[in-house]
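Two complexes are shown next, each including chain A; its partner changes from chain B in the first to chain C in the second.
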Partner chain A sequence: MTAPTGTRGRASSDDPRVMLDEQIGVFEPIPPYPPRTEREAEFYTLRDGEMFINIGPQHPSTHGVLRIVLKIDGENVVDLDPVLGYLHRGVEKLCENADYHQAICYLDPLEYVSSLFCEWPGVMAFEKLLDVEVPRRAEYIRVLSSELNRVASHALFMGWMALDLGGLTPILWSFIERDEIVEMLAALTGQRMLFNYFRIGGVNGDLNHEFLSRLGDWMGRATAQIESNTALLNENEIFVRRMRGLGTMDSETALRMCMSGPNLRATGVPFDLRRAHPYSVFPELEFDIPTRTEGDCLARYLVRLDEIKQSLRIIDQCLNEMPDGPVMAKLPRLLRPRPGRAYAGIEGPRGQYAAYVVSDGTDQPFRMRIHDPSYLHLQSVGLLMPGHLIADAMAVMASLDPIMGGVDK
Partner chain B sequence: MTAMTRTWGRLTLAGKVIFTVLPILAVLTVGLIVVIVLFGGGILDFLATNLWLVRFVVAATAVLLMSVPTAFLIIYMEMKVIALMNLRIGPDRVGPFGSLLSVVHGLKVLMKEDFSPTGVDRIVFTLAPIVVFMSTVMALLVIPFAPGLFGQDFNIGLLYFFAIGGMTVVGLLMAGWSSFNKYSLLGGLRSAAQVISYEIPLTLSVVGLLLLAGTMSLNQISLNQAGWFSDWYVFKQPLGALIFFIAATAEANRTPFDLTEADSEIVAGFATEYSGMRFGFFFFAEYVNVFVISALIVTLFFGGWNAPFPWPWPVALNLDPGSLGIGLLILVAIVPVIGTLILAAPFWLASSRVKGWQALVMGFILFNLVVVTAIFGIAYVGLDWVAGLLWFLGKTYVFVFTFVWMRGTLPRVRIDQLMGFAWKWLLPASLLNLFVTAAAIAIVNPR
Partner chain C sequence: MDPALRRRIERRFGERLSGPVRQRHDETELRIGAGDAGEVIRALHDEPEFAFTFLADLAGVDTGTTMQVVYHFWGASTPDWLRLVVDGLPRDDPRVPSVTALWKGAEWMEREAYDMFGIIFEGNRDLRRIYMPADYQSFPLRKDFYLADDAARSPGAGVRHMEQTHAPRNATPAATVRRTRA
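Here is the complex of A and B:
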């Protein structure tokens, strides 16, 4: 057979006949060539008995389009190189080319399982720039809807966690919770996933009958339903044995790796933005900050379960203390804030979401920086994964709960 | 010539197939008739002197034909049962309650492109599914389904079973190695490590039973357990049964030991690069394997085809249709009509809105049900192989359901936990079981 390289056009990167200085196999990841840093050069050099394996970008358990190049020795993960950017859309730049109202809808798809938490910091930062007083009813509605969204997000996390460990059933059970919440939020906001509900100075619409009736239905059985769903995992010997002591991280390392949210609280640091830097109406509400001290995957999972219970408490209080009044502040059509800068951070289901906005006095943000916890959590996979097995690498990644929409922005 | 070409071109695909296949079939039929007419006597004599050959061919054909519907049934069962556990509906479109969906899956898999990716080792890649499928199906040969209903009654049946079952791992390893894919390679290596580790407790766990039974013939082991259900070996070898069940789960690569095709880690393991009917063979083999393993558990520990209690009123069924005479005519021609009319009457009388023909249809359906029930009842009471087959399949599908149930409930274990469990727990436990059994036999029944 003659080599058909010339006749078939250009050799693609997965062509076995691709010409490089050193011959590499078809399924070796093509390293950045030449290597850009010493770290890259070291990583892409194989010692005896090691091989690369590409996890992603299309893989059943990478939660989107994360790609991780694992260097494995048998079943052991020796080293890894996460490759990001497959979902990059330039959200920050898009926001800078839209006016303040339009920018909110670009924030939604950052975290497609908990969209309200992405809108909130942006909206809060804009409100700080504009010196807007948000009506109390609007603040309560924001807290109510976002806590519902937190429950939905954590419920989905439970299912994903189990799916990455090989359990088929919990994902569908947790989708029951999520579907009910998503349907009631759809009744409130008009959308199932990307709600686009928060507005500068309030929310898009008042509570309606369908939302409240669905919420009342669900609240009656939520606790029992979540308990029964989690019993399948919490009392499962295989699940607990695989999760306990896996991917352990102490609190100092967690703080150094910029962790926040449940992942930080699982290491024993009771840091919650709702208490540490109170915003909205959280000072008026009663809730605890659940923490664990183990810092392993099981702790991260259990902290989230406890948070669901606290969220249900907050929802209950919101419904009891919901004040009357308008849900939108009076604002001019065209928003031109004073030149300046504003920062707003909130506590989301994954950690600290924040937005930093610079205004130059026009109707568009001059610069908008979005801080997303998934990205910062993902950087610690390099600490947690090496030394474990491939199966555990997946469990560690699932327990950090990254959402690639927020990581790649 | 051009006219023929044009006519050929106008035919649809089905037409082309029919016009090609029909003449071939006609020629073959004529040839077969000629051969039979010319050499029929000689062939019959040869077969009469070599009955084992006939028996083998019939058994192999029956087992091959049986494997496909079994796999379809178990696939459908798995889809439906897991759907119910997941609070879904599951298949409900094709056939009654979606029961034909697995058949449609089979046809779909058949129609897909026979594709092998760049860089695979073609020969090994093609052979691997065949090895896996054949080794699974061949294990069916020694399983006694009912008294007198088995492929071959080896005196080393159990040993044959383990030998053939061990061949599966060769196929998986071939698939993993030849696929030229790292996920497949890892899956193949995992399957080798796992299946070979679990072979040892699997084999050791039945040695105690063999000491009790004194034979390796599966048929004889079934016969030994006749009588009440307290005679089943599970009550004499509870630990052995438990170890056998666990090790067999790992041997069949079922959840929670399905590391070879762990979809959340190594996409589909050894089957990642397979598609079309080659993947279909793996798929069939997996489900036939579930059936085989369940059947073996039933045969060894749960009494095989024996009912849990002896039927208290045995009936000798010797029905000669010729002796009935005019009664046969009455039975065939008059009883159905009268039965249908009698069973239709209540429907017709019940409501004035029921039309006459609707009542007749209902009566006909009911009459058929009654007749089928009666025939099954008589067969169950009178023919021991029907009773045996019903009990055997019933027990086997209980275990198939257990495997499906485990798949719906349990997450996957890790590879080090898997190996540690085999070597640290199952192996000592099976040795202990063997030791205790041997000691008990020595004490109770000293030579």
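Here is the complex of A and C:
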């Protein structure tokens, strides 16, 4: 009696009777081409006792499709080389082939957890090119909806952070917040994640009843709920002791690494574009810029917590001071800005989001440059990880909160 | 707009500017040639009357006739964004000095500009492609990039680009390049 064989030519690799003479499914970390730079040659040369290990491209703690080649000695990370491009869609090129209205919808999927912040700099740069005056009500709605999005993004960060450290509960709790907010924004914009809500000269729709009633409900209990969520982590000794002193960065290095947002503020630099380079109606709003001086993972986490509270303050003021009026400026359907250049930067939940647009007088942008903070924060992982254990290295990366959609554009 | 910044720039870099200092909305723009880039950026970073400590962005631009590298800076000395355009780089061999000595974080932004435009940043110790595969031959954000020509050799072959539909099949690359005087 012979063993049953399948009709396919090759036996399955998990069949224990099959002896494979080559390893399959194992990603070889060493690239199959000669090193292109000095640094690459240095990285891919192993000293005694060192070895390479691949993390990704499919790995839960890489927050997307990222491959990191770690050079390890025992369990310590010696060096690392992030390999990008798995999500690269060429958004900048796509925008150059779309007209100014169409380009906005390419900006959304850059950072899929905080889409409004990706739309905003693009829209703002287009408005600068066209000299459009945005109605005040539209500006207030922009601030209101984007601050909600910031809370949703930071809530998700808290969950992820804990998940990468091995705690499963917080992500379930933080998704309660995030889900409520994205449902709210879905009532306003029609979409849960990729909102495509901002328009050149305003926003797509006025506030509606469902959004406002959901928001009112949520604002009543948000503070208490966020407090209880944070108590879950802040009073957890394992979490706090593991995060303290991990991945420390000082303020000069952070500036040299072009970091921005909460990661920079966690090192003690009170740099927030809402104050440093005011835009929209932020000069009229009252809020503080939370900073920490430690510059470690715990500081980055706590800065984001404090930011949630400030965002709630801003939302409250927006609701109280929301002016009446139109939500869109009057604009022709076909936009042909005069030849020129415009740059707009905003403060997002991860740092400075910016867009640089060159117009050549046609209805399509000639060059659209998108600047994303995740890209630069992921770069500084190379500075923070070496010397830590592999498990801690993942915590360091989670605390920087990069989103691969933005990194890969 | 910050006219004081404009006067400071004109006084300090007068003869090095390759065009007038332009101001619009909250942006101040100066243009220089590649030869002066290193010194001017160092001066903008170091000297207390400028003190642009925050590199907000670094972008390559292909105008169709020349290459540019565009830097955006933020500094506490002015409410404006400062835009520095390093202008007039030849398209067949664009070279600028790297700013990684001042901002280590510019390394990846320069890698991106190299990957997308082929701009060589002299002094960047890790200037290799970052998004595109290592065996990729061309520079996708250049204005003379057509997928039909060169991406057929890449692992992504078979994807047809919308730009291809704009380019007549028998046109020379020079005839179809979109240009701007920006």
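In the analysis below, the second predicted complex is superposed on the first by the 380 of 409 C-alpha atoms of A that agree within 3 Å, B and C clash if a C-alpha of one lies under 4 Å from a C-alpha of the other, contacts with A are read in each partner's own complex, and residues count from 1 in each chain.
Here is the rule we use: a residue touches a chain if its C-beta (ideal position, glycine included) is under 8 Å from a C-beta of that chain, and two chains touch if they have at least 3 such contacts.
Computed from a prediction, not measured in an experiment: that's the story for all the values here.
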Requested in this report: State whether A:226 touches chain B only (first), chain C only (second), both chains, or neither.
Outcome: neither
Query raised in the report: Does the superposition put A:116 against chain B (first), chain C (second), both, or neither?
Result: neither
Report task. Go through the superposed model and pick first if A:66 touches only chain B, second if only chain C, both, or neither. Result -> neither
Query raised in the report: Once the shared chain is lined up, is A:104 touching chain B (first), chain C (second), both, or neither of them?
Result: neither
Query raised in the report: Who does A:258 touch here: chain B (first), chain C (second), both, or neither?
Result: second
Query raised in the report: A:303 contacts which: chain B (first), chain C (second), both, neither?
Result: neither
Query raised in the report: Does the superposition put A:360 against chain B (first), chain C (second), both, or neither?
Result: second
Query raised in the report: Is the number of chain A residues in contact higher for chain B or for chain C?
Result: C
Query raised in the report: After lining up the shared chain so the two structures overlap, which partner does A:285 touch, if you call chain B first and chain C second: first, second, both or neither?
Result: neither
Query raised in the report: A:53 contacts which: chain B (first), chain C (second), both, neither?
Result: first
Report summary line: Overlap of chain B and chain C contacts on chain A, residues none
Report summary line: The answer for chain C against chain A in the complex is residues 24-27, 29, 53-57, 59, 61-63, 70, 72, 74, 76, 79, 81, 83, 102-109, 112, 116, 125-135, 140-141, 162-163, 166, 178-182
Requested in this report: Report the residues of chain B in contact with chain A in the complex, numbered from low to high.
Outcome: 82, 85-88, 118-119, 180-183, 186, 190, 255-256, 258-259, 262-267, 407-417
**Report entry** Residue ranges of chain A in contact with chain B within the complex
**Finding:** 16, 26-27, 51-53, 59-61, 75, 162-169, 172-173, 176, 232-233, 236, 238-239, 241-242, 389-392, 394
Query raised in the report: Contact residues on chain A for chain C in the complex?
Result: 31, 33, 36-40, 84-85, 88, 90, 92-93, 97, 128, 253, 255-260, 271, 276-277, 339-343, 345, 352, 354, 356, 358-361, 366-367, 369, 371, 375-376, 379-380, 383, 408-409
